[in-house]
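In the two complexes below, subunit A is the common chain; its partner is subunit B in one and subunit C in the other.
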Partner chain A sequence: MKLPRARRDKLVIENLPEETLIYDLERDKAHCLNRTATWVWQHCDGRTTVRQLSARLRQELHPQAEEELIFLALEKLRKARLVEDTTMRIGAEFQSRRQLTRRIAVIGGLSLLLPAVVSIVAPTAVAAASCTTAAGCLADPRNINLCCCDVSPRKTCRTNGKCTGNAC
Partner chain B sequence: MPAETARLGSIQERKGVNVLIGQVVADALAQSWRSPVPPLRLSPEVLVEVSNILLPKGGAPLLWRRLRQSEPGNGIGVQLQQAYRHHTLLAAVHEREIVAVIKFLRSAGIHPLLAKGWSVARLYPEKGLRPYGDIDLLIRPEQYARASALMVRPEAPQCCVDLHRRFRELTDRTADQLFDRSRTVLLDGIQIQIMGLEDQLRHLCIHMLADGMWRPLWLCDVALIVESVTVGFDWDLCLAGTRTRSRWIICALGLAGALLKADIGAVPLRQDTALDLPRWLVPAVLCEWGKKEHYMRADPMSVRLGKPRTLFRGLQLRWPNPIQATVCTGGAFNEAPRLPFQVGECLRRGSLFVRELRRRSARGEGEGVGRGRKG
Partner chain C sequence: MEKIDRLGWTDGISFSAFGVRLGIRLNDGSLLDRIRTFIPPGSKPANSPVVDHLYSLMTGRETRAKVRRFNLLYSGAGRLARTLDLEEALAALESDLGLYIAEFARQRLFVHAGVVGWQGKAIVIPGRSFSGKSTLVAALLRAGAVYYSDEYAVFDSLGRVHPFPRPLSLRSKGDCSVAHVPSESFGSSAGIKPLPVALVVGSDYAPNAKWRPRTLSLGQGVLLLLNNTVAARNRPKAALATLRRVVSDAKIIRSKRPEAEKTAELLLQAMLATGRPE
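After this line comes the complex of A and B, so read on.
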């Protein structure tokens, strides 16, 4: 199995006190990592094994952390495409994620420490003053640069009612 | 007649409700820019109401900032937190875009001045608290044509940039004067030229009023700047100009104190610019803040033209509020009735709309007219 390496290119990263926000410019997706997931992501350098990672995690963040916690974090990061090697089968030793999660809970009662990678979706229209509506956008091609897709953290153009993914 | 009376009655009633909701919005945002931020507790029903107003108006991150220590993390709390995260990331993306645009223009010998947007957002204690969209750049008039041509070239950074030769809110100040009084601040290691604080505050006040104050966030900007002015701030420069304009700015500052509990003690008030706000002003702001819809976020009039039901709603939405009507027609903030200004503004917009519609239909375009302030 290849050693996990965090993806760094084409990402906008914003570190907050309790979490890390990451915007994937390539896929136009935004993620929020909690402290455990952030720690794992920051330490995936392609040279450190899962065992070494868990030892360091125990030293630096959670004294009771087990390897399972690392596996779970890597699985979530892989799904969010935030670790480079997507062919990696993280946690293959475990039959299912549910089993993995249950086992972690049994091991330490550490549910608060479980790694979390949450997608960020704009709750409603973003507040860009010059954004027009879909109707306004379609009505006048010159408005194309004013269109925005509300699901993305970046304003992107709309063509025929669909987000193109290109920044306005 | 009874039907007309009932309709007028219901409009008055709705206005009253909007004012009440607007007051709750004002209380929710009061001092939300400060550090430490005063905590806020709202009943679940009120929280939903306020959130539904502030989410589309860009005020959700500030509301979240006041709530996050007490908010139990229910459905609406999660939405506010998501909005905060969303705008934090957007701000990071915008900062990269600003750097890219400024570098691009500078490589061609054009040194723009950044206004609004990031130049205000940078003053807030956290990155995502003050959402903004476009990058507004003032370009020296002699360089404007070249800058415009550059920005449509394929190698130009792909982002929303508004180039300006002048700002309509600062028509009494030349671009050269604004450049001469500008400051430089650092963003990602590059120096960004922004307006001097006096010009910036004046610009924000008039911009906010000319847009009818529909975004509560704008008053937070004004409050934040007023509270951060230091001894060297030149109030005479900020308030200079015609008496009418000075009075607009004084009233904007007064609103920051009255509605958002900003400390406006630094504002030097002469006898002739006393802070008495006209009686109609505070209710007009609160009524605007209490509304869920705004024409800037609605379909353009041209799209509504063929549909009588949506056309009527469109006209209702576009009826100018007293603040916008007064400022756009150059009127004074006094106790005189606002209706003449509102009618005047309606006529002004209507004529612009018809002119634009004619121009576009001559070109074979036609739709998409009637969204902005002009129509």
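After this line comes the complex of A and C, so read on.
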């Protein structure tokens, strides 16, 4: 099975010592790839096979690393839409993360190699802001989701994420 | 906009804040002093009438009995508020003005967070509304920290955090009412110098929670801050580059937190563990 091609368009990439941060301009999502996910993503060229890459994985990252790590990374990259072929089907040899985790738990140090992709949806300006006054909460309809519950006919307060039922 | 221009403006101010030029025009000059208090710290008065964005506040005056005159607030050409309560209109102006500056500031990156200084380094507590930031900042001030902000962490391109010392907005329990309390009330002074960040704390208050901090990686720290960055969608490239510098020498932790006073104590202990103070 050949690796898919890594997506490069409309991405902002920031490299950290052990991780890679990627901002997807199309979907306004930000992703943090750990070392293994970064390594696999960087090798997604559409030509190399999984078998070839797993040999390199063993050489460069861990001598006991298994092919499943690559499949797991590919699955995470596919879900994050960081590879071009998002419809690819991972082979039958792919095991679930839980199965894989169980297997590699017995191999010292290998759990650190588990690929991880942490994602967030970038906030809109309003979502990132505070509603600091009750009057402001009422006056600006965009604040409704922040500190008021829109319960007709009266808006009521939201405290610690819960509607209290008190009028603002 | 032309229709709004014709409404009869008698007074106004223009200023520059963090690279954004803003104007506010009024039909009632007696409100100017009040409106000046909305201008964020670090702003400079501008002489030029040319601005990037203009607010227009038309206050409704009583003319004839039984005629209700609304207070109208416009942001550019769009109406932001139409209300009989002037305080509502002013609150909407204050809120939107702050948000506009935070979103379009050219020289700084605004992250929704509380910030205090401690022995020459900063603790940054990012979080959305109602996550308990201001309460925690107040507790840290009582414990001797220096006040930087309870609303925005203002970062420069080197990743240092600058003071944004507005009065703390403390909500009373059970409703939306907010008291604005100066930092001096907590026996603390406001910071002056920009500080490097030593500790980034992701925490939400939960009654009876135990403090079990989990250390996050630098990348996850950047995501934690980006998740509260006002201009995250507008300027993602600058945001990622700045936030990377912010976390480069910082410890990043995340936990549910107990009461603010206890958490403040624990955070200051964590600061001691981050290294030698400057």
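Here, the second predicted complex is superposed on the first by the 100 of 168 C-alpha atoms of A that agree within 3 Å, B and C clash if a C-alpha of one lies under 4 Å from a C-alpha of the other, contacts with A are read in each partner's own complex, and residues count from 1 in each chain.
The working rule: contacts are C-beta pairs under 8 Å (C-beta built on N, C-alpha and C of every residue); 3 or more make two chains touch, one makes a residue touch a chain.
Just so we're clear, the structure is a prediction, and the values are computed from it rather than from any experiment.
Contact with both subunit B and subunit C is seen for A:Ile120 once the two complexes are overlaid on the shared chain.
In the superposition on chain A, contact of A:Asn34 is made with subunit C only, not with subunit B. In the overlay built on the shared chain, the residue A:Val12 is in contact with subunit B and with subunit C. Measured by the number of subunit A residues touched, the leading partner among subunit B and subunit C is C. With both structures placed on the common chain, the touch criterion links A:Leu72 to neither subunit B nor subunit C. Of the two partner chains, subunit C is the only one that A:Thr20 touches; subunit B does not reach it. Within subunit A, the residues touching subunit B in one complex and subunit C in the other are 12, 14, 16, 19, 21, 23, 30, 32, 120, 122-133, 135-136, 139-140, 143, 146, 166, 168. Contact residues on subunit A toward subunit C in their complex (touch as defined above): 12, 14, 16-21, 23, 25, 28, 30, 32-34, 118, 120, 122-140, 143, 146-148, 157-161, 164, 166, 168. Of all residues in subunit B, only 55-58, 60, 79-80, 82-83, 85-90, 92-93, 96-97, 127, 131-134, 158-160, 162, 215, 217, 296-300, 302-303, 365, 367-369, 371 touch subunit A in the complex they form. Interface residues of subunit A facing subunit B in the complex, by the touch rule stated above, are 12-14, 16, 19, 21-23, 30, 32, 120-133, 135-136, 139-140, 142-143, 145-146, 153-155, 166-168. Remark: subunit C residues 80-81, 83, 85, 87-92, 94-96, 98-99, 102-103, 111-112, 128-130, 151, 169, 171, 173-178, 205, 217-220, 222-223, 226-234, 236-237, 240-241, 244 touch subunit A in the complex.
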